[in-house]
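Chain naming follows the written order as A, B, C and D, and within any one chain the residues start at number 1.
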Amino acid sequence: MIRTDLAIENKEMYDAKNNGQKIEIPGVEVDTDSYEEGINVTRIKIADENGSAVMQKPMGSYITIELPKAANGAEDLKKVAAKAVGNELKKLVPFHYHLKVLVIGLGNEKVTPDALGPHTVSKIRVTRHLFLLYNVDGDEEQGCVSALCPGVMASTGMESAELIQGAAQIAQPEVVLAIDALAARNVERIGTTIQITDTGISPGAGTGNMRKNLTEESIGRKVIAIGVPTVIDAGTMVLDSLSGYLSDAAEAEKYLDDTGLEMIVTTSDIDQSIHDFSEIIADAINIALHPGIYS
Amino acid sequence: MIRTDLAIENKEMYDAKNNGQKIEIPGVEVDTDSYEEGINVTRIKIADENGSAVMQKPMGSYITIELPKAANGAEDLKKVAAKAVGNELKKLVPFHYHLKVLVIGLGNEKVTPDALGPHTVSKIRVTRHLFLLYNVDGDEEQGCVSALCPGVMASTGMESAELIQGAAQIAQPEVVLAIDALAARNVERIGTTIQITDTGISPGAGTGNMRKNLTEESIGRKVIAIGVPTVIDAGTMVLDSLSGYLSDAAEAEKYLDDTGLEMIVTTSDIDQSIHDFSEIIADAINIALHPGIYS
Amino acid sequence: MIRTDLAIENKEMYDAKNNGQKIEIPGVEVDTDSYEEGINVTRIKIADENGSAVMQKPMGSYITIELPKAANGAEDLKKVAAKAVGNELKKLVPFHYHLKVLVIGLGNEKVTPDALGPHTVSKIRVTRHLFLLYNVDGDEEQGCVSALCPGVMASTGMESAELIQGAAQIAQPEVVLAIDALAARNVERIGTTIQITDTGISPGAGTGNMRKNLTEESIGRKVIAIGVPTVIDAGTMVLDSLSGYLSDAAEAEKYLDDTGLEMIVTTSDIDQSIHDFSEIIADAINIALHPGIYS
Amino acid sequence: MIRTDLAIENKEMYDAKNNGQKIEIPGVEVDTDSYEEGINVTRIKIADENGSAVMQKPMGSYITIELPKAANGAEDLKKVAAKAVGNELKKLVPFHYHLKVLVIGLGNEKVTPDALGPHTVSKIRVTRHLFLLYNVDGDEEQGCVSALCPGVMASTGMESAELIQGAAQIAQPEVVLAIDALAARNVERIGTTIQITDTGISPGAGTGNMRKNLTEESIGRKVIAIGVPTVIDAGTMVLDSLSGYLSDAAEAEKYLDDTGLEMIVTTSDIDQSIHDFSEIIADAINIALHPGIYS
């Protein structure tokens, strides 16, 4: 009933059940790394179905980049973070002369904690039309990049996944790169954590009112997802605040069900987080996809 | 420790302590009324200090307009609601030939649940520059209206109240009319309730990260505030969900303090609420201040 | 070399060549009508290829709705205008139980005079997802409406027409209804004229930097276009200002070519025009497509 | 009748009258400099009233930074440009421990070519509230910066200059730094030129519908203005296109007067220019005012 989109939090919950001991899970490989400015990387690989069952996540790679809590205006930290994310992304999407990528900004531009995708996409370098204009099929300095913000169903009346499939048929990308706002369990992860995964986005993920399903299976192309937690599920927060008081949490959850409204919990400076992280991720994508222009 | 900006919720909590009985409070007058389309009005007048102490609100008038939960696209309901709010507003700000009003849109335009004020102000009819242009000191059809969105301190480095005082010295209004997003206790009030009060806005009110104080005392002019609840305080939600389980709520609140972050709880369709209620309130203000043009 | 997207201006130019006499053109039928508040309608039908050659426009119907120049805040005029446009639109898209429409907001949301389409689309009632949710194939009160703002090629890297085709395959509409900003010859048409046509949108139309082609031929479905002039082509303005001075205008146009930049001419209050006309057109569309809800 | 806000264009027109010879004007000092990436600087100092009369500009310093025409995505050029502008700005506003600056974003956020000021201000580091919070009166790394976007008179009903004076009384800055969109004569200057001046902003300057007057005389504090040309005056364009054909330009201008509308001419990719130049200028301001944080 605790909900999180972050593989690293599933691992933390597993460890917590074992009294905080970091126990190895069969089928789950974990290694850690670090960058300058106190940036840490944890790479979790869920290698088999046992690992998937224990971690409650699909098989695949989950890379978590953790930033120290930043003072406003920490420009140096943002630059190092962009390089770190760009570097990790390059491993999943290696640059080559014919690289074609479709970048998708998921979420609702008009709801601040859900606007990470559209904000990020507005800052990336789109090039596919230039490749068409000059009639070239590749470039040594930059990838052939197209982009789409499919909006939300309440605005379009259409499923995002169907619109993305339409765009993929036009642009014929090798990789779909989807940016999305995520739900975390721990409020401290808001504004400090970035997750990259090659498993795409599963239904039920994200900040709330969307049925999303963006995986290699549904789209027919490799899907890399980059996400940043911007909300905590209201039920998760209530349950966490009750832990220690109750053995049976089910009743407490009733409070939320009774309201009959979907609620989200976020921080009051979420606009600044969305601004900063859309810049970091857009820079990272530009670095990974256009290595001759950004560095 | 339960936090609400709505006088009607203070009254409800008082009644709840008395097992749901609606008991008269000395110094507090309550009367009710209704409009078409299922719209109800409750007028609470806190007439003396005893009433103020029991209600935990400053002395003055609090008018609550409650809309039925509306399906998306309920255009008729929105029109009736605008007329109802305009009608109640006219009683506090009667139109006359020399009427001068300064409308203030409080809050952060970039954080959806805090953006009610700026969105509303962008839709009202501003006329003061026309009065200057044609060099007239009054009009039979419309008021002399100026408007300001003072932004938030993190963007300007200045207190909103000081900027508003500066604008009041320029425009010399008879009334300052401030629009703000509010915090409610009950999530069902989000998107269904409007409060008008002649007590202005007290420090600590609103959606979170602002020190606000906009009262006749601080500004030197009559201040009417129109507010709509768009968030629930995270602490309030946790406490409410714990009620029945704990006698001592203080410990539970520790969960929130420990996170060290200010959190807000809102509904996942808050963008639609902000859109609808900014239209309703802007229409109501136009009806009240420009009776010869809007009706 | 004079450029206009308005059929009524082609007719005016033809008449001007004939010393202002309104001469009948074989293959072109013209009739006029009027609504309240000084709103006039001119219906031009280009019935054969001779008419098309003389008018320099594809065969089809062109309905021009002309509003008197409005003072700011002319709410009554806007309401009558919305009803007039809705009424004319109903004749081209009659409502029925199974009506399915895909509404397209063409243009660049970030360039004010090009933003009419996206602004209009954000205000229409989208319903297709509700039809899916309740699993119904029609309704007596409202149409099954989906919507898309395909953006501009510089932002997506993809042709708008291809993205629209993708959406049409998803939504399977009977009619595609496209909203676009247009170029006029006469600056007085900015903010006063609306054109509805069943010929769609031809390449080279619109406000500037887009290759557009949205016709029944290219999309495979009936395309109705609603447009409002928001710019004058810079070359057209220069040529018009030179008329009377020069017999050979070609040289004057060199000035523009030499600059090597695409320029647009617009009015300095274009933001207010975009605001007002997106409301008028969105209301008109809601009235035509959802007759049981809007009127 | 030719209108330009750029001192360098007044100089060019003077030279043009002298058959292109660069003649020294008594009371006007000109020197040039250059930065990397093909960036040129021209510093014009109007030292006396003769110079002012010939140049048709108030006495003071006018620094013009000219960028080569940039391909989209020229990130390196933008970085060098920000450093060049920051460097020139530092000479007019030297950093010191007690530096207090009020940054003003002039113009209408909703009209793309007029939105340079608000876009720039949204990207600068505002710190005054932190100085208040920590109760310090200076800092070795960063200035005490406040910011205001006063909007336009049609939205507020109040003169920008009066609102700015109110803010200056609150923040008590040593310098007011105003960002504004300018009018140029030559369309090639759109998106390539930045002007810094210590003469403030005179009435009649800017992109159109504003009466602006922001000078040391009107505000009582040193005013530095940073501007970027984003429009050409429609009359100027017509007159320029007629030059060579007519000896008497006055009649041609009648075309524009007759339309009775204020028109502006801009480039069709003005949104990209506003985006790029607001980043360059915001970076430059951050570099100049917060030298310990940005470089």
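To be clear about the criterion, a contact is a pair of C-beta atoms (placed from the backbone, for glycine too) under 8 Å apart; a residue touches a chain by one contact, two chains touch by 3 or more.
Just so it is clear, the model here is predicted, and its values are computed rather than measured.
> Chains shared as neighbours by chain A and chain D?
B, C
> Between C-D and B-C, which chain pair is linked by the larger number of C-beta contacts?
Of C-D and B-C, it is C-D that has more C-beta pairs in contact.
> So what's the Cα centroid distance for chain B and chain C, whole Å?
One centre to the other, that is 40 Å.
> Between chain C and chain D, tell me the centre distance in angstrom, where each centre is the average of that chain's C-alpha atoms.
Taking the average C-alpha coordinate of chain C and of chain D, the gap between them is 36 Å.
> Two-or-more-chain contact residues of chain D, please, as numbers and ranges.
Answer for chain D, listing residues that touch two or more other chains: 72, 154.
> Which residues of chain D touch chain B in the complex?
122, 126-129, 144-149, 151, 153-159, 162-163, 165-167, 169-171
> Quick one: which bits of chain C touch chain D in the complex? Just the residue numbers, please.
It comes out as residues 72, 108, 110-112, 154, 187-188, 190, 207-209, 232, 234, 237-238, 240-242, 245-246, 252, 255-256, 259-272.
> Which residues of chain B touch chain C in their complex?
72-73, 75, 125, 290, 293-294
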